[in-house]
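Same chain, two partners: chain A is paired with chain B first, then with chain C.
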Partner chain A sequence: MTSNQQTAGRALAGAGPSRSKRRKWLDQEGRWGLLFVSPYLIHFIVFVAGPLAASLYFSLSDYDMLNPPKWTGLDNYARLLHDPLFWKSLWNTLYFVILFVPSQAFLALLLAVALNRKLKGLKLFRMAHFIPVISSWTVILYVADSVFNPRFGFANAFLTRIGLDPQRWLQDEQLVIPLLVLIAVWKGIGYMMVIYLAGLQSVPGDLYEAADIDGAGAVRKFRAITLPLISPTTFLVIVLSTISTFQAFEQIYVLTGGAGGITAAGGPNNASLVLMLYLYREGFAFMRMGYASALAWVLFTILFVLTLLQLRLQGRWVHYD
Partner chain B sequence: MKTKKWSIALLAVILATVLALAGCGGGGSTEPTGSTDAGEGQGAEGTGSEPSGQTEPSGQNEQVEITLGYYSDAKSDAKMKELIEKFKAKHPNITVKTQSAPYGQFFQKLDTQIAAGQAPDVWLSDGVYVMKYAERGAVRELTDWIENDLNKDDYYGLDFNKDAEGRYWAVPQGIQVGVLFYNKDLFDKAQVPYPTEDWTWEDLKETGAKLTVDAAGKTAEQDGFDSNNVNQFGLTFFSITEGWFPVLKSYGGGVLDETLTKSIVNSPENKQAVEWMVDGMKRGIITDPVDLKSFQSAMAVFPSGSAAMRIGIYSRVLAANEAGLNYDVTLLPKGPDGKRFSPVIANSWVINAKSDDKKAQAAWEWIKFWATEDEVQREWAALGEAVPVKKSVAQSDVFLTQSDKPANRKAFLDSLEFAGTLDSNAVWEEWVGKFNEHAQRAFLGDTTVDEALAAADKDIQAILDTFYQK
Partner chain C sequence: MRRKTAAGIIGWTVVLISSLVMLVPFLTTLFNSLKTYKEYTAVPPKWIPETFQWSNYSEVLKLGNFGAYTMNSFIVALLSVAGALLSCSLVGYAFARLRFPLKNALFVMVLGTMMIPPVVIIIPHFIIFNELNLLDTLTPLWVIEWLAQPFGIFLMRQAFMNIPKEYEESAKMEGCNPFQIYWRVCMPMALPTLATLAIFTFMGKWNEILAPVIYLTTNEKYTLPIGILSLGGQWFGNEQYMVAAALLSLLPILAVFLFAEKYFVQNHVSSGIK
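Right after this comes the complex of A and B.
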């Protein structure tokens, strides 16, 4: 048992890897230690590091999945620069993110503020807003279809009733991304609302009392107290939804592809082809796994830079207690 | 002290569990389902991969074990298993393991299996995918075996798997060929004579107009007809096989030249054909891409009685019969110069290029068994999913009087006289997607026919060049 105490002691001391320590690292205790962390290590190597290295290698090769990859250096990345569909899908993705992230954060906050009071039956409303969150995209497809179906949907029935021309909705190049954003906001708002509710409830009540005494109005209290104090929550919401929106796949696949699957998804005329969808199509439908891997690394780089940027900028507007 | 002992024990248990799980996971991902060893596989029912009756080698002939992969639904899966049992009874030295899955999953899995060198020795390929595998070196060339063992005149569709150099890559399992389906009740209601074998596409449109009805009950021929609010279409029209391809071809156009490496999209014949489509869609007679999206599936339009006619392959008979439709079939219409064309898809057996000669030989025995045995052909025909490959069976009552509807089943066989494949090559799926993309813009009036064809021509040529000029 003493040996275990020693291990613990050394770990606590947090000593750097000096020569003598390194030699000891491989002694019996060291091996035990390695054994104990091996579940994580094995998991990391097999499921994280390995696939990462493989995809990096694929991205530098010509790989059709049926034959072994052929090394081509930076060819895939060079091709990417001249691929109009890559630029279109990148633009579509950015457009989606720019529309979605602020509107989601803003509306979720409004909703959370509206539902952050002690009223009878309030839980029912909170629950109602959470139902779309736990529904699968296939279910959402049916709901969306009942509204935006060009022939049988409510939306066109309404437009025709008030004397306007029916629209193609999801089959319209201009409308498809705004509509996808609308549907995604509707589906995801409950989740962000819950995060905001937690944030709102952690704002100390005495601050509001003090503001009341000073004679501040509701708007003033919201701007001067609520917004700054929940800024960490807002930051979290924005980071989370930026990442998830860049990776949006299933929703667009289901809503635009329908029964046609991957080759039909992203329409009309690639107006809703986002990076993830393009990546999947290139890799799994058209068997260009090398190119798809290059796309994945570009997407990763963009996300990485964006997240760094967000972290850097947070000092300017996020207040931690 | 005691807690330390405990925590070590706990860690050991966790470690053991994780390792065991990792072992399972690893095994599962590299080894395709169904190829676990006999003991484990027994009774794995419901996984869709049950190895069929693994018995000890009898020791007389040299034992071979092959893996057979196919896509299926519950009904065809049962039938396939039955036929495999018959095969094994005839070939006691061959053990067959099966792998089956629904269509989409089957091909998704197959690609990763090929990548890992774990694909079945023989598998059922969608007809349009044969060249995708052949041109990437994943399947074995079958030319010699076919020349030696099969009398080509006895079978339909062997040539559908022949490449531009005359090599054979697969043997059809069943044939799908396109004909014109028409809903007799809708024709009767409108008091319009049924389609004939002499129709041109213009005739179809003219009659289709009388069968296109808007929400107010007006037909496309009448004044005040609202083409934005159609309740019943004249013709439903979708994607390549049951949409633009047969029309382009019978107008004298097409997508690829005979080498299947050059686009011939931008031609006056194609322009004429696409203009026929666009006009039909503008007038509400033919379903446009937005109309199709309003149905649960593009395949649902005809069986639901929302369209009077469809271009349909043989397997569409199943859905129409299930819906209890009163319908029949006839030859597809002719082009303006009398040219006929019927699209064909020959779903086929292929042999894995990586299988050794012994396994490949055993796999070939299975293919031969499938194509030559009358019993197999009859049993499969009875399922009603495909036109039998063996001519003697297809031309017998087994096929011709198999169900009351459609009455004119002979039309499928007659259509094979002027049938052609969908120009399928290694990048088929990709250029079809591209053509659809541009055609749809023309169909919806977002671009002109000229522009759509020019753009499709350019993009399709680029796809072909990317693959073939490496």
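Right after this comes the complex of A and C.
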């Protein structure tokens, strides 16, 4: 790819024989190129590299934004180890990720397989699944509330009708995370489904025809053809959704906090306090920027290790032709 | 053959049920937004209100800072779109077509930044904007978009690489400089990808919650998603207004979506697979 670009660049520069022999380090095209990429250069230096270094430094200091940061070494990290709320938020996050990632990946694949055919009105069905995707979490709050409001939602009306006890749903310590997962799967499934649809379209149709001749059933075809050939997409979906779910913030902030904002979010009794929510609370509500930065680096490290692990494991089950 | 129809029926059923699961809660929400407070809090709930209280919507437009939130959301989203289109196409064009020092190293950096979770740099960003005295303004919400986000760069680079080089060569012969070639020849040909980038930037900014929550403190400066949440206190005892407000905030995105559905899908295909 890179050599192609270089050839492309050379062709564009109208590379005469004298030019290609001895080129100045920074010719006219090079200056244009640097000018073109300068927005990203500024971005990288000011908003990526600098902040990365700063946040590592903050994580090793005591910093409240009013006074200059005071170096404390690994203190913040040591405090994290003895902080029950950190462990609780870590556990909540893991619980959320473990419930969410596989169930969404599986259901999205199922849906994509069902939609991967010539159906009348296919576009309408696809659009139906996209409406939650394009909604903000604030919209989703009221949609979810119409069903799961403990007082006047339809879920409790249904439970009462069939003679079961009404539930407190998002205000129930046991139910809050599974329900948040359910809502998140519902909201995001259209997005994942489209990624899968693109993957399915690359599976050659003659494989299925051959399987038809051999008399293979739908389930067998799915397991023997679709699943292995779609595995690169599955891998991508799982990696992407693991990374983003570990950083879940908005959905939990809105759905558990509602109008109450950060002081109400994460409840009941911190049962839905995830790492990002805890980080936000420590950093922006209590101004413990050092401690919050340490939390950020722990989260970053977990994500880094998980991504490496997933890359290592992909050889075992991902099929590339 | 019979097997095929059986699979077809199962597929149809899955699609149909799943579509209902997607749409019915939205319909319920729409009905909720048209109820009186008494109907809204009735136990057991009634699905369809007796008469549609369209006045709930006009109350939303009158009450509170709803107009200001809408304005703020538009400012942030539109400035972000303008910035993303310009900066990502410039940088993307350079990576696709120009030859300059450290090009490959820089491109690796672009890919690398995509992997960095935003969580590690949120706090320094906050401190930067604090130093610049830009807290509680809309600027932090859109200004980064003018500095080319990695995903957009990647998308635009891909689009420019797919344009046949002959077009640019003839412009080059006529003595156009790289900026003229980029602007006059390549930008018009990259319009579909620009549309995709515009739509996704708009949607992302319109729905964003984390950044507004961090940067904004004055109520009149809130964007729609956090503004609506903040109305809870004002409309205590009239919560059906909040449902109407939330649905109103969905309208612009919904309009864009219905108008340009194919660009939504195109983005997923190119971001997901390539």
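Everything that follows uses one rule, which is that the second predicted complex is superposed on the first by the 281 of 321 C-alpha atoms of A that agree within 3 Å, B and C clash if a C-alpha of one lies under 4 Å from a C-alpha of the other, contacts with A are read in each partner's own complex, and residues count from 1 in each chain.
In the analysis below, a contact is a pair of C-beta atoms (placed from the backbone, for glycine too) under 8 Å apart; a residue touches a chain by one contact, two chains touch by 3 or more.
If you're wondering where the values come from, they're calculated on a predicted model, not measured in any experiment.
S.K.: Pick one for A:F286: touches chain B only (first), chain C only (second), both, or neither.
M.R.: first
S.K.: Which partner does A:P150 contact after superposing on A: first (chain B), second (chain C), both, neither?
M.R.: After superposing on A, A:P150 lies in contact with chain B but is clear of chain C.
S.K.: Of the two partner chains, chain B (first) and chain C (second), which one does A:G267 touch, if any: first, second, both, or neither?
M.R.: A:G267 contacts chain B only, not chain C.
S.K.: For A:H43 in the superposed arrangement: first (chain B), second (chain C), both or neither?
M.R.: both
S.K.: For chain A, which side has the bigger count of touched residues, chain B or chain C?
M.R.: C
S.K.: May I ask you to decide whether A:L81 touches chain B, chain C, both, or neither, giving the answer as first, second, both or neither?
M.R.: In the superposition, A:L81 touches no partner, neither chain B nor chain C.
S.K.: Would you check which partner chain A:E173 touches, where first means chain B only, second means chain C only, and both and neither mean what they say?
M.R.: Touch status of A:E173: first partner only.
S.K.: Kindly classify A:I213 by the partners it touches after superposition: chain B alone (first), chain C alone (second), both, or neither?
M.R.: neither
S.K.: Looking at the overlay, does A:I162 come into contact with chain B only (first), chain C only (second), both, or neither?
M.R.: A:I162 contacts neither chain B nor chain C.
S.K.: Indicate the residue numbers of chain A shared between its chain B interface and its chain C interface, in ascending order.
M.R.: 36, 39, 42-43, 46, 65, 151-152, 258-261, 284
S.K.: Please output the residues of chain B touching chain A within their complex, sorted ascending.
M.R.: Residue list for chain B touching chain A: 1, 4, 8, 11, 14-15, 18-19, 22, 26, 104, 108, 111-112, 114-115, 132-133, 136-138, 228-229, 239, 289-291, 293-294, 296-299, 427, 429-430, 432-433, 436-437, 440-441, 444, 446, 470.
S.K.: Chain B touches which residues of chain A in the complex?
M.R.: 1, 4, 35-36, 38-39, 42-43, 46, 62, 64-67, 149-152, 166, 168, 170-171, 173, 258-261, 263-264, 267-270, 284-287
S.K.: Give the list of chain A residues in touch with chain C in this complex.
M.R.: My answer: residues 2, 5-6, 8-14, 25-26, 29-34, 36-37, 39-44, 46-48, 50-52, 54-55, 58, 65, 110-111, 113-115, 117, 119, 123, 125-132, 134-139, 141-144, 146-147, 151-154, 157, 160-161, 186, 190-191, 194-195, 198-199, 202, 217-218, 233, 236, 243, 246-247, 249-250, 253-254, 257-262, 276, 279-280, 283-284, 289, 292-293, 296-297, 299-300, 303, 307.
S.K.: Give the list of chain C residues in touch with chain A in this complex.
M.R.: Answer in residue numbers: 3, 6-8, 10-12, 14-16, 18-19, 21-23, 25-26, 28-29, 32, 40-45, 47, 87, 90-91, 93-101, 103-104, 106, 109-110, 113, 115-128, 130, 144, 146-149, 153, 161, 165, 168-169, 172, 177-179, 182, 203, 206-207, 209-210, 213-214, 224-226, 228-233, 242-243, 246-247, 249-250, 253-254, 257-258, 261, 264-265, 268-269, 272-273.
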